[in-house]
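The same subunit A turns up in both complexes below, where it pairs with subunit B and then with subunit C.
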Partner chain A sequence: MAEIEYVRPVNLKDALNFLWNHGEDTKIIAGGTDVMIDVRSGALDKKYLLDISRMDELKGIELNDQGLCVGAGVTLSEIYSSDLLESNALALKKTAYNFAGKQIRNMATIGGNVANSSPCGDTLPALSVHRAKALVADKKSTRLVPVEEMATHAYISSLSPKQIIIKFILTPYQDGFADFQKIGRRRELAVSRISMAVFAKKDKEGRIAFLKFALGACTPVPHNMELMEKFLTGKTPTRELIWEAGGLLAQKMIEITGRRSSTIYKEPAIQGLFMRMLYPVVK
Partner chain B sequence: MVNIKFKINGQKKALNIHDDMTALAVIRSLLKLTGTKEGCGIGECGACTINVDGKAVNSCLMLGAQLDGTTVVTVEGLAAKDGLAPVQKAFIENHGVQCGFCTPGILMSVNALLQEIPDPGHEEISKTLAGNLCRCTGYSQIFTSVKEAARLAGQGDQHG
Partner chain C sequence: MIKSQYKSIGKNIQRRDVSGKIKGDSQFCADIELKDSISLKVLRSGRHHAVIENIDVAEAMKIPGVLKVFTARDIPGENLMGIINRDQPLLAHGKVRSKADPVALVAALTDDIALKALKAVDVTYTDLVPLLDIEDALAENAPKIHEKGNTLFTRRIIKGDAKTAFEDCHSIVEKQYKTLAIEHNYIEPDAGAGFVDEDGTLVIYASTQNPHYDHQEVVNMLGVEESRVRIIQAVTGGGFGSKLDLNVQGFIGLALYHLKRPVRYIYTREESYLATAKRHPFIIDMKTGTDKNGKLIAIKMRACCNTGAYGSYGIAVATRAAVHGTGPYQIEHVDLECSCVYTNLTFCGAMRGFGTPQAAFAHESQIDIHAQKLGIDPLEIRIINGLKKGSINGTGQKLTDSVGFHDCLKSVKPYYEKASKDWVKQKTSPFIKRGIGLGGMWYGIGNTGVQNPSTARIEIDLKGRVTLFTGCADIGQGSTTILSQIAAEVLGILPEQVRMVVGDTKLTANAGATSASRQTYISGNAVKDAAEKLASVLLTAGVNKLKVSKSMLEFKDHCIRVSGNPNKSVDFAWLAQRIHAKGGSLSWQGYFDPETIPFDPETGQGTPYSTYAFACQLAFVEADVLTGEVNVKKIVAAHDVGKAVHPENVIGQICGGIAMGVGFALMEEFEFGKTESMKDYHIPTCADMPEVIPIIVESDEPTGPFGAKGVGEPALIPTAPAILNALNNALGKRIYNLPANLERVLKASIESGHFSPK
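Entry: the complex of A and B
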């Protein structure tokens, strides 16, 4: 195999131009924490490595009239230290807290996490909770894609080889309870087996007034579970209610994936993790 | 081949490297700075940790070409002419080193931490070390060493 050629366009326009002509032969590299594994093992069968890690167009976190915009090139460390995300997308910020080790967080980008289309991409549940859309561009057009549609199957991205994710546009939610939880082999480094994120708000009477919930990792693509929203909204969260909701969630997971050998472990684990995550809202 | 220019441990370098080389290979094989270790090669052990523009990163997962234009510090760059850096002294005195294989990586993680947070608490130290595996010490002495390093650095035992 011929040696891989490294290219670093100076701006997004040049990068999109390059991909328009050579997309099929090109692998985009941002933080490299997924791509470098393949570069090192020789599994990468592309001619070009296109470095987008320094592109200003992909950086920055801001709240504007489009919504809460998070650049595809924003690193997990930047997410972790963002005050804007603390007050407008706490579940995403909490995701960064248990994402790999610090060295990885310093390089890994949110765009790379989503584009890699791993079912265990940790940023997906929180993005889904915030009804995030990815702004995706090629040389000739841009479009907004809901994050749940960024992967068609596990590890199969819906991006064309000519496209780059520019940013994610989230619906901001303030002043509520938010969390991200995952189960993996070891908290920091393992890939998640089960992951979930939530945002919830209670009214003055202590009932759940607003809830968004998403499940990741144990299904091939992330799911925003409107069923949980319907089941819990308007109710007073008690231990029993949350437990029941967790059971419902586990059933839904089985509906999506079918019964597998791992179901016997995942079914109670999902219910338990849901209970643990939502316990703080029990009055 | 790609041309890269960067600064490492205070020295300017201009190199012509293979496009698919890792930063770790550039540092160890081309520059012969073998203090930085290769453990797992896949981002899990932290033995290859270096500081790039002040941030701790795994050099095994960084593309060498991405070093272009950066400022790098490896373990060889910690000590000043007049002696070891506070973090190095603290690790020696508090038995933070046993076999030593993890040590260069840990020192570089801690170096970046202390630049960001001069007086880190237990949680911050723990979050920092989560990406550095040590099979020998059991970490307790490492925590003590980091706290001592922060104290020494705070006392003005500064280094270049």
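Entry: the complex of A and C
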């Protein structure tokens, strides 16, 4: 293993300065739950490890004029116990319930989960449901990037080496049905084989008035599955309708990825998990 | 309640190892830091099957900090290991038979230098045809992996005339079952350390289940006097069978022999996964027949296990699978066969149950299928067929004592009946199906049809202090505590007053392997024998002093006294001094070897074990019909252990066995060449653990120490069959391949028509 120099700037400004000069040679580390695996295996081929885990600028969850802001350095444990998320982004909060195990949740950050660009990143579906945008900064500028555009391919981030994610700005949703569900090979500490998040509201007649949905772990980069929104909005959710929607979703996944050996399982399981998740909204 | 006649046996005393483990004081092998120790790393072949044309170490030797690169030619003694059949070289000689085969051993000042040197060793190979599964290995014209051919061994058990008997059977079930390789996945990595002491002895700390076996192997490999090698078992964090084979002991011995400097070697998890033994994958074809009442009449089994590149314990695994193929049931006509075949995969060896968990998956599925076909309750059919006192098993052995299978069934019955009536029928979600299932098992204690003695030595010093010396490796299962209880019971002292010297070949007596659930029964008896010999001389000395006959004396509080009379007593110190003054011995050796009769080579008839453990588990399972997820809610586990020397320890074994059984049933799949570490191998976490209701059944074993048998492996064996039977009960569709993973359960759900929005 080559020697890697550990750097911990005191504030965001210094961090962005450092990246402006050394970004190409630097790997950013927050919770380290992904990066340390590469450090151990020797796969990390960088000169510097830039630790941003203690920066106040990346912390905090708040609801303001911009929307529901979740700092990139917020840990999954903080998400797990946030009251603000309980009432404004319950699907994201529920994501934390099934995220790895407690030790990992204590360290892992939402920014790291997105920046790692794993197709199986558990925070992606809920962020997508909330139409989240990442506030991304380098030394000279900031810009807002929709969370679906944060990865170009599996494990390849669209961030430039000079950039840091500051926070995510979510559209808050209240008083509806929100959920996150995943399937893994065991009940905890398992990479998602399939994950999904939803927010839905019904009108007085019991029809679906509003729905946002996202599928995780099945496609190389996140897709906000707008077809689900189109298909279900305005309809009365029956078991049959939800079942049909789940079938459409599975077809959409196959359209994106093509048929693979895992499709034999994922095709029915996507339909099944969608049914199970949306069952509470069935009238 | 009857007051126990025992003072130490049956008591939940504090385990010997808890304080060290809770405080973090225990020194596992990887914790042992010897001053100025050097590093070892092994170069592994990375090819399935190849001839080694040349090994060039010149470039590696030029790297500063490299001390030596060893190859097979540096081994002064015999370059072969193996407890049953010797076929595994420490360093490959002539050819490699799996990707894990060690080709060269680097000794260097640091790990980093050693790793660099591995890359600089230049090996020239000529590849041979790789044989990766049983079919390939048995194909005509398949190259021979070992000179004697690719079938290592076949065990047959033949009784009666199964072929004819099937003709009269009312219900016949014939199915194929498959299980995969499993990684032991003990939390402590394989590791070792060593140094040369002032007398020139090579001292090796090992993470092992059998220090005295390690000693013989290293002595043999180095061609030195026995006294030149000393194996000390460090605190060992689990073994489950894998640490019956040598991991790093041979490499450390070789380096010590040549370099005479302190050395250590810690496997990474990846190296542990790649290079240490696995559970044998099995293919089992089983045919069973019953009469119209569900009584089993005949069984035919053809099983084959893949032992990979080396035999290790493969012969024992195949033998056990054959013997245990009938399950805990009396069957008159028996035709069982199990073979063990070499392939070019990492070798498979011992793992908790030695082939019995695989066989149990088959026989417990079979008996449930019969029950279903005949409309008999699954519990009832087990009662109809279960072994009992006087039954004759498949090897023609009459079971005379301690056959607690029916007691286990009886213990589970109230839970089973209640669950059938309400739990199974309660509605939860529309997409959850509930089911319950039974798993029965029997398990022979000790090695199969061969001598497997244990010895122990007990000493009293002139201050009256008692020390027990045993080579019995405590790998976390608690044998050190158990053996102290047994010695204490005989001598009327407290278990904590017995000083224990364990697992150090310079000091201890060979107790054989910590395997085959044998230590409580066999080493327990050896300890009891030693303690009784000491007790006898103490009593004789007591008679002299107290002037009453032996029968009027009792052991109490480190003294011998006239029964019930505290005023007429004499303490151990006085007695020891007296014996010593008279020239008597203060050190006594105990010995026990269970009575077995070797198999008839043709028919497999014999007495493979002197006693058997029995169990029945009941699994409560919820299956998600939409996703294939399975939640094991509860396991009721009734185990006949003879006598529970330490009941909480027995419960601990049961819970641990169930955890492992849940993994075997639902998620563990080791794929050779793919599975690298815990990142891609799933063992259950606490979130996957069911509630466990342990029930200890005590069916006294007259030859056991205070009636005890064993529980280590039995704890695991019925779990997967019970879960799989429960899944069948839930889904109405049976799964024949383990594990019952997401894919298989969802497929079963779809095929049984449960996968729907209703």
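As a working rule, the second predicted complex is superposed on the first by the 281 of 283 C-alpha atoms of A that agree within 3 Å, B and C clash if a C-alpha of one lies under 4 Å from a C-alpha of the other, contacts with A are read in each partner's own complex, and residues count from 1 in each chain.
One rule holds for everything that comes next: a contact is a pair of C-beta atoms (placed from the backbone, for glycine too) under 8 Å apart; a residue touches a chain by one contact, two chains touch by 3 or more.
Treat the numbers as computed from the prediction; the structure is a model and nothing was measured.
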Just to be sure I read the superposition right, which of the two partners does A:Asp14 touch: subunit B = first, subunit C = second, or both, or neither?
neither
Could you say whether A:Glu229 touches subunit B, subunit C, both of them, or neither, answering first, second, both or neither?
neither
Quick check on the superposed pair: does A:Gly101 touch subunit B, subunit C, both, or neither? Answer first, second, both or neither.
both
On the A-aligned overlay, A:Tyr265 touches which partner chain: subunit B = first, subunit C = second, or both, or neither?
second
Looking at A:Glu240 after the superposition, I want to know if it touches subunit B, subunit C, both of them or none. Which is it: first, second, both, neither?
second
Going by the contact rule set out at the top, does A:Tyr6 touch subunit B (first), subunit C (second), both, or neither?
first
Once chain A of both complexes is superposed, is A:Val39 in touch with subunit B (first), subunit C (second), both, or neither?
first
A:Asp51 in the overlay: touching subunit B, subunit C, both, or neither? Say first, second, both or neither.
first
Once the two structures are superposed, pull the subunit A residues common to the subunit B and subunit C interfaces.
37, 101, 187-189
Under the touch definition given earlier, write down the residues of subunit A that touch subunit B in their complex.
3-6, 8, 29, 32-33, 36-37, 39-40, 49, 51, 53, 77, 100-104, 106-107, 187-189
Residues of subunit B touching subunit A in their complex?
2, 18-20, 22, 41-44, 46, 49, 55-58, 60-63, 65-66, 68, 109, 127-128, 130-132
Quick check on the complex: what are the subunit A residues that touch subunit C?
1, 37, 101, 183, 185-190, 193, 239-240, 242-243, 264-265, 268-269, 271-273, 275-276, 279
Of all residues in subunit C, those that touch subunit A in their complex
112, 429-431, 624-629, 631, 667, 679, 682, 684-688, 741-743, 746, 750, 755-758
